[in-house]
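Letters A, B, C and D name the chains as they come in the text, with residue numbers starting at 1 for each one.
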Amino acid sequence: MKVGFIGLGKMGSGMARNLLKAGHNLIVYNRTRSHAEPLEREGAKVAAIPADAAGGVQVLITMLADDHAVEEMLTGENGAMEALAPGAVHISMSTISVALSRKLDQLHQEKQQCYVAAPVFGRPDAAAAAKLFIVAAAKPEHINECRTLFEAMGQKLFVVSDQPAAANLMKLSGNFLISTVIESLAETFALIRKAGHDPAKFLEVMTESLFNAPVYRNYGAMIASNKFEPAGFKLPLGLKDNRLVLAAAEENSVSMPIASLIRDRFLSALANGLGEQDWAAIARVSYENAGLK
Amino acid sequence: MKVGFIGLGKMGSGMARNLLKAGHNLIVYNRTRSHAEPLEREGAKVAAIPADAAGGVQVLITMLADDHAVEEMLTGENGAMEALAPGAVHISMSTISVALSRKLDQLHQEKQQCYVAAPVFGRPDAAAAAKLFIVAAAKPEHINECRTLFEAMGQKLFVVSDQPAAANLMKLSGNFLISTVIESLAETFALIRKAGHDPAKFLEVMTESLFNAPVYRNYGAMIASNKFEPAGFKLPLGLKDNRLVLAAAEENSVSMPIASLIRDRFLSALANGLGEQDWAAIARVSYENAGLK
Amino acid sequence: MKVGFIGLGKMGSGMARNLLKAGHNLIVYNRTRSHAEPLEREGAKVAAIPADAAGGVQVLITMLADDHAVEEMLTGENGAMEALAPGAVHISMSTISVALSRKLDQLHQEKQQCYVAAPVFGRPDAAAAAKLFIVAAAKPEHINECRTLFEAMGQKLFVVSDQPAAANLMKLSGNFLISTVIESLAETFALIRKAGHDPAKFLEVMTESLFNAPVYRNYGAMIASNKFEPAGFKLPLGLKDNRLVLAAAEENSVSMPIASLIRDRFLSALANGLGEQDWAAIARVSYENAGLK
Amino acid sequence: MKVGFIGLGKMGSGMARNLLKAGHNLIVYNRTRSHAEPLEREGAKVAAIPADAAGGVQVLITMLADDHAVEEMLTGENGAMEALAPGAVHISMSTISVALSRKLDQLHQEKQQCYVAAPVFGRPDAAAAAKLFIVAAAKPEHINECRTLFEAMGQKLFVVSDQPAAANLMKLSGNFLISTVIESLAETFALIRKAGHDPAKFLEVMTESLFNAPVYRNYGAMIASNKFEPAGFKLPLGLKDNRLVLAAAEENSVSMPIASLIRDRFLSALANGLGEQDWAAIARVSYENAGLK
């Protein structure tokens, strides 16, 4: 399939490479061109402007850092949206706001283009290994057109709704659940450490009984060891996603007290110089408040 | 082994029965005698007073509702502690406070008795099926004496410390983690419902990807269906355990903001007549606050 | 003095009238022209477009609902900023974001215009009675030029900084303090009512001892009577100001847990249909959560 | 009037002295006898045991640190309650739990003694100057008997209910309001300091406009200067009162989220070594979390 791919960061590079490997015909764009070079050597064409990654493709995929980047690539100067043919599909895989997803849906409809929201769960290593969990929402026929692409990038596809923004809401809700795991482990580990016991022992009990899920094992190990670098997912990105879930909740007049509390943790962590660390470093706020060094 | 067993509620009955099945010689006590009758028919002796369940046994097991019941059975009128022989072991399996566990440890030491704290994770069906997770802490030699008993009652034994109270702290911390799962699912489901989407679909995404742990599946299903009866674990018991973890945290000068927040949820749920429902019914507070019926 | 005045809502009308009474030469603009008519009868000129209220005046005053309205009036179509003469002063009295205030300061400097931030405390009756408390920040010489105007509109002028945005930050902080008063009274009244006692009696004790400030008396009376209409300051405006203080805090990486908690109250109140009531109606969330009807 | 007075701490000494000055016949008791000596020199008799301060008096006043001290003095060894004559009045002026107040009421009724709950607002200097605010609840005839005593100790008497425990609930609610003032000022000052502005300037604006109450001025000055020693009211006492209001709320199934949040502040402050400072030192938690030194 002829596919355009915009956004070759840690996630996007792995995803694009898996599409290449699966035999798709790829034209890629990245603001910092050098990031595109490895893929060029592997057979991708490199577009000079976003629009060139969208002209003539059946499917355009975007995998970018935030709302701002998505808007710039699609509707900014030399943006991709104008160049995308009627009937072609845009798969938006970035973690963006519900509001932007709804707006993109609207804009694509006006241009007779198809819009599929398909954010993912998984870190860069999962992207590289085609092990992403893909949460997609769109009209069934649009999703069907993209199935082979999803299969090349992920280990599992969830189709959650025919309204694209639902996928974004669920992605943000999922990230909120992860942040809750982090904060809840931080609070218990602070207590267990302060009482003179071993949080790693507690973590073992939990993950070998009721909480045998990777998210508890991985974040638990990080928080128990109190080491948050190198960051898998930097704290400001966590704050960004927290902001997006709170924005979606505000739009629906829903209060989410744990999300509010975690927002405060992010701010305290940033204020104390933890901005380069993994988002799990909000645990340090619990540790400091408990008087633990 | 000659074993005394005090407390034949939903949990204790199943545990005692598994000890009988494993061939142990059991003498049981329960305040409401009628609860002891099924076990009597299966071969257990029934004690008339708590002390009779402790006199002459190698191991005394208690599985009671709360601190108050444990203190009454052990040190109240006709209490078991006086009757327990020096060198005999008391395995305290109830979910009690860290402070009471420390006090029991002290009292048993003064009487040259052995004390093992061994609270469990698992609901009545797990108790009946000998599938409990047992979290034990005590001097290694005391735990070793009890291994065959633990094997008869549980699917897995975790030995977490040589200080008994550590096991109680970890049990309470574990229950706190479960309560955060409940509250975090409640907040996300409120958002997803309010936005017009299906929380069951979201739950499926989560439990088939990052959160594939029973605790998410079970509570998630209950909260998504908004049905909290019959109760597996009643709301006031959840409040009790929340109180105990907050007390342990206060003793260590540790703040646990999510635990504080969940305490408030329990109180609001009680105030709104949900005291007979499962503790997951705190989700109703999120639903009501979001204007969902 | 020749003064332009944009924004003739409940607050602005009273303020503009007081300037007229003090003998100033007033040209006013309001999007809905009819609001300007009473002032016209009292001697004000009425501008047809925002720019006309700024051309040729020594001082331009804006008193508008929110950031959006301020930006539209100043830099939108036929906006006032272009028309304001170099050396003329813009006094921004609306409750706006710190970020917008800083931006306006910058824009005015580029045009050699003077910018004074001077938000106010007080409700419409205080505006009408020239009893506002004015919190001003700007270069001293710019404030000095405006003193007679401030005297005509307020009972007291506080000059808090030479950086205009400081005044906006303090105004938002003050509104946050008021919201804290509301929420803290709501929580105590819920407790006192639930225990079967009279919150009005409690309020009397407090306001005749340590809390003898109008803000406790006024909001206390409203919350004790559980009547929130007619609204003096509508709930969505309260949410807006809460949002602005949280935004300022986020910009400075400061967590404000009470502000977060009150944000959740606003959302719950909105979700339960209280959007037309006074912002003190967040007390209803405390009442409902306590099971009070 | 013949009056017994138990509890000669910073508060009680001043109160007892004012009774002496007003011409009452005083017999005092304090666990540490030396605290009674100044009063002895001024004409009070000193009792050797609590019971001696109650035998033969018309009114017994207790002013002690906490529930435990009150119970010990009244119903412990040589306790005062047994010695108090039928028909005599016990005025309980300590800040104690609602539950203990109710229990004392019951016990006194059983002995045909009269019970008046009359906790106070005011610090030691107000006690010395007879400027306390007294919040009393009891049957009207019992309060009437004590009026001259209240006049000798306080500047104002509030009679809030005929159920004694109502006075204790209102005293605790009042202390909770003070704690919200502290926390709300702490959060705003953290923001204002972090933004580079002067919290003292902000405080001046607030206390000379909407918040012209002593509680804002006094705590505001302390928090703005970031100096919390010498302590007027030590942090652990603040935590104790917070615990009591939360206990009263729990008994009534009322959630008080700000009280929960402030509890967490107290714990964090204690964990960071602020236990000897004024309870307003919880502001340091806001400052630290904001990265302010």
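One rule holds in what follows: contacts are C-beta pairs under 8 Å (C-beta built on N, C-alpha and C of every residue); 3 or more make two chains touch, one makes a residue touch a chain.
Everything numeric in this text was worked out from a predicted model, so none of it was measured.
Q: Quick check: more C-beta contact pairs at B-C or at A-C?
A: A-C
Q: When the contact pairs of A-B are compared by residue number, which of C-D, B-D or A-D has over half in common?
A: When the contact pairs of A-B are compared with those in C-D, B-D or A-D, C-D matches.
Q: Using mean C-alpha positions as chain centres, tell me how far chain C is from chain D in Å, no decimals.
A: Roughly 38 Å separates the two chain centres.
Q: Report the inter-chain centroid distance for chain B and chain C in whole angstrom, where each centroid is the mean of the CA atoms.
A: 53
Q: Taking the mean of the C-alpha atoms as each chain's centre, how many Å separate chain A from chain C?
A: The computed centroid separation for chain A versus chain C comes out at 39 Å.
Q: Among the residues of chain D, which ones contact at least 2 other chains?
A: In chain D, residues 194, 249, 252-257, 261, 264, 267-268, 271, 289-291 touch at least two other chains, as defined above.
Q: Of all residues in chain A, which touch chain C in the complex?
A: 249-250, 252-257, 260-261, 263-265, 267-268, 270-271
Q: Hey, which residues of chain A end up touching chain B in the complex?
A: Those residues of chain A that touch chain B are 98, 121, 133, 135, 156, 158, 160-161, 163, 166, 169-170, 173-174, 176-178, 180-181, 183-185, 187-188, 190-192, 194-195, 197-198, 201-202, 204-206, 208-216, 245, 248-249, 252-259, 261, 286, 289-291.
Q: So in the complex, which bits of chain B are touching chain C?
A: Against chain C, the touching part of chain B is residues 194, 257, 264, 267-268, 271-273, 285, 288-291.
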